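Think of it as A, B, C and D in the order they're written, each chain with its own count starting at 1.
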């Protein structure tokens, strides 16, 4: 396998995590993934791009992202910039024949995501979107149990992503609180993970009712002025699935006491599975076919037996963390790139499927009505 | 204090639990509650009434509940019969000047509950409704924390009651699956507890959107025929509170793996509390004013320091159970009866406030729209 | 079945709990247990005995326990007095042909317990000792799993009972801190439960090494003087079992943060079980024969499927508490009394088997050496 | 700061983990640590050394570890080989003026460890021993709480490390089951972590009683023959601390159901802390000075507020894992190397302090007596 040559656009926190992930994927998984060549990096802040060269091993930095998307020595463009720039960068990368990995949410709305999907389909290139959690061994194992019929027919599927880093009025104004830059607030930032996970586990969502709340309506800008917040601090969704199942989603970045609580529960006619990122090395599984006097939720400790975690540790519960989540995702991406085709998702299409639901949620919350999710054909 | 003379209508499982509760309240709490005189009992099945005399200490049984409601030696009528009989029995008891304790749900709909409240108000008698969980020490402590401002302004309030005893298609047809007898299914049977708890903790619900599901549409009757189920196996609610808070409710008796999981979480601007009956001797409390490096959810073990549990045990976590829940509720009821007025609820008005929400939920689920809860004046 | 006529000696907290238990056993379990006749009660404090008559349903009180043990209308004497009085009362009761239920520890040492066992054996009467926890459904289920081979050969068996009610120097001097009255401190008071549970689950202990600690060496007496404490606040034991297994015990009433943490873990070649009273409605069970990718500790919720809990509730996790523990034990005792022979323990012999270990622990702690447990023949 | 030039001896699983750790420390912590130059690697199996060059970024491999210890372009030698080779390699490295990081256990016995400490002291070089867990943010926070007096005087300190990877008789014979190669079994391999943690948190252990068990006395060698196991599968220890505290240790690699359960609990007069690696992103803390009705163990989620985790993630509970543990330890080591002196341990002296206890444990288990730990002067 030839080395995969990467161009990174965006060298903030997420760019750092991706940089570590490429290195670790190579070191953890050895020859099962192609080697990685971190060719070029850029950021809107040139100092960040230079730090990526000096500290994270990137070969060179450039000033303009067009130099990355058009570079001859780049196979794949990795996009870690703010939400409103994703579509332009990704379209340009595809136009230059680059594979693209884009952080989530893929676009500000389903229209943008749809344009990306159409361009990707026309190009035949590999696309990936940064829904890392569905690739996590505990989550992938949940999917495996569902696929095998271990929980029977899915009746209820619910998810939540609660954090509290924006729950304090002292957090200053930023692009994340501006609808024009971010699309939405907690919904897009963390709720998108809930939507992706539920659709990954229980299939497409067909209808939604929703409630969006802004607890802190004004925040202080850098210049000291009070500015209106135009996005949600919390979104609650009542969702129907095409399968006939139903469920709820709660997404909040003002969920006091919850620090990184991305969780889901899928209840079936025969069993159930549940998960929370706050105990990310555990998956809970209930099997109603166990004898009545010895049935109970099993706390499965994530380890070598689970999809994606093979090759990392020697025993279960040795401890996988956030950087490992990205290394596992990088392994999947690198395998796709080595194959030149998508062996495993999530792809831009998964990003679109989330954006379609997000659009419907915003619509339903504004109307106070149950709204059908409009699906685009590809 | 004179002994309180009780007439019991309904001698099934719940009648048994109430019978134990009266005895235990007297033995656990001593002179702080009036003595109890279990005067008379009836049931639609006379054999059950006779068992209550022989095994549970009731002095005599009668064949017709009118003999209880009209009996001269009864101070309070305790109603533990199926839902569709509550209104008639309670109205008759009030008409005869008896105080009334009625199991939940108070009536099949808000109209019935409203008639009861009007009769009760006119009579000046003490009424109580069987929402025992809000009287549980862990729950009462949650309320105390909220009242004291320990969690700040309530932003999110959600609840669930998940059990799985009706999740199997082999469970036969019964009155609980018949809308005409039961009013609703999981919504009234277990969801009513969720609604009462959330209104107890976070104030009145103003609007709802809802989804009702029937997973097992037909069940086998006693005669072997397949009969249509006309109630919900699961109800999901998106609720707005008058205070501006919002939240979700999930009520199901087909929640595979959940055995008695009545839980809630109330998230505020300063802290949070959460609870599940499956760990009923614990209350979780997060205080964001604790120092950053040592804050975290506290697992408070229920014990003598908590409202209602004083006088029972000598140390926390000694273990309170379902029978204790009813003894604690009986203590509150007996205190009210000794005083001749309501010192603490829940009263029929609380039962009405739940029924009003229940009606709105059924309406919203049928319409697929957000519905305002109609409140009756008293 | 004829009613069982009971004489109660000791009407403090434990006498109250026993009084409730007899009532509840009759009400919960109906005709499967004989009726109970609470004939006579006494206490060293006459006021307590009188309260037992007025509040707990005992027919009469007497001043001297000899009046109970020799009473013609008593079938069984129930002893709930301080530890140093157990032997005299029980011997006298047996001498008068009464069955005896005695609270734990049975005696101050193995010699006293042995005398009781010899008298009991000679009499042919039914004896019971107050080790309620082994009769708890979660614990009885653990024993059932072990008996069935579900965990294979026992390799490790350990237990703890940690509470913190005596961890504060402000707790005043009492008979419990006086070796002459109590025999030992935390060892006898709470450690005896650990020893009973481990021997119940893993068979006889053969050797011990031990460490006894007194954290608060002097406490304030009623007259304000500082008095030496002569018992342990904490005892730690390294135990060998006759089977070849080994384990540890930690017993403390100064275990800050633990409120009623009686727990055990039994690890076998094929599986494991563990339990804590702080989550008494759960039993954890690991089965290594489950498939590698879906094995994990099962959290079994205690309910109708488990030994002793049948007949109480309709669903698992409905919640059993401390008073239920005594009702379940009372059911077992009443069944034995109805049969006139021991159908299920624990009997005085089990009390002796604990006392033999307790003596060895005190010896080992004093010597700093590993000590063989001396077993008495019967 | 100049780059630190590293020579790695041992390129198996642990060598891989160290290789990742150096990279990640540089990428996670940036300029706060010196750059790392992975100069040379060796292994008894040359193929492993070559893999380290091709996959993990080492510049060259050599055949003989003497070439590493004597190399001119190496500042620090990192030893990840089997236990019985540690002393020779480390002595040679020190003799050549190299700083040394050595995996645990430092030596087969205290004599070997003492020789290393003497050589290290004479050299003035920086030494480190691979006790990574005490550097873990959750554990370091526990130490901080203890140092600040948040739990008062330590009364009880206990630890366990339970795994089950060797609990099956099918695991073949290897050097780890041979006392001459490994020194001991579970005691040295995993119990050494328990001893280090307890001494780190509660000070030096002064006396021990112990029990060592071998559950599987013979295992199958590569040639198919059955060979005697000469080490322990499980060791239990009753420990006294110089401070007057006491506690127990349970170390086992046959603890069915426990996958990576390194845990401890330290109970003090005012509070308590506890931890388990199976939930490594949590620390439990009880503060008895919290008000009685709202006290309870706090589940502290590890994050930026905790020692060692600063600079990694943006929110608590984002998830730290095993590779992060080694990156944090590498940061500490690299800081020491940059300073040319020990800013933070653990050093060879800490390795010796564990070995002294290990020797006493083996002695106590053989004798069945309580043994004083012999401390070497330095």
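Here is the rule we go by: a contact is a pair of C-beta atoms (placed from the backbone, for glycine too) under 8 Å apart; a residue touches a chain by one contact, two chains touch by 3 or more.
Bear in mind the structure is a predicted one, so any value in this text is a computation, not a measurement.
Peer 1: Return the chain pair with more inter-chain C-beta contacts, choosing between B-D and A-D.
Peer 2: More contacting C-beta pairs are found at A-D.
Peer 1: Compared with chain C, which chain's mean CA position is the farthest off?
Peer 2: Checked the centroid distances; the maximum from chain C is A.
Peer 1: Measure off the straight-line distance from the CA centroid of chain C to the CA centroid of chain D, and report it in whole Å.
Peer 2: 41
Peer 1: Just give me the whole-number Å value for how far the CA centre of chain B lies from that of chain D.
Peer 2: Each chain's C-alpha centroid was found; their separation is 54 Å.
Peer 1: Could you give the separation in Å between the centres of chain A and chain D, each centre being the mean of its C-alpha atoms?
Peer 2: Chain centres of chain A and chain D, defined by C-alpha means, are spaced 35 Å apart.
Peer 1: Residues of chain D that touch two or more other chains: which are they?
Peer 2: 297, 301 - these are the residues of chain D that touch more than one other chain.
Peer 1: In the complex of these two chains, what residues of chain A are touching chain D?
Peer 2: Going through chain A, the ones touching chain D are 13, 16, 19-20, 23-24, 26-28, 30-31, 51, 55-57, 163, 165, 259-261, 277-281, 301, 303, 313-325.
Peer 1: Touching chain A in the complex: which residues of chain B?
Peer 2: Per the stated touch rule, the residues are 151-152, 155-156, 158, 162, 164, 167, 207, 209-211, 213, 215, 234, 236-238, 240, 246-248, 250, 252, 254-258, 267-272, 286, 288, 297, 368-370.
Peer 1: Going by the contact rule at the top, pick out the chain B residues touching chain D in the complex.
Peer 2: It is residues 141, 144-145, 150, 282-283, 285, 287, 290, 292-301, 305-306 of chain B that touch chain D.
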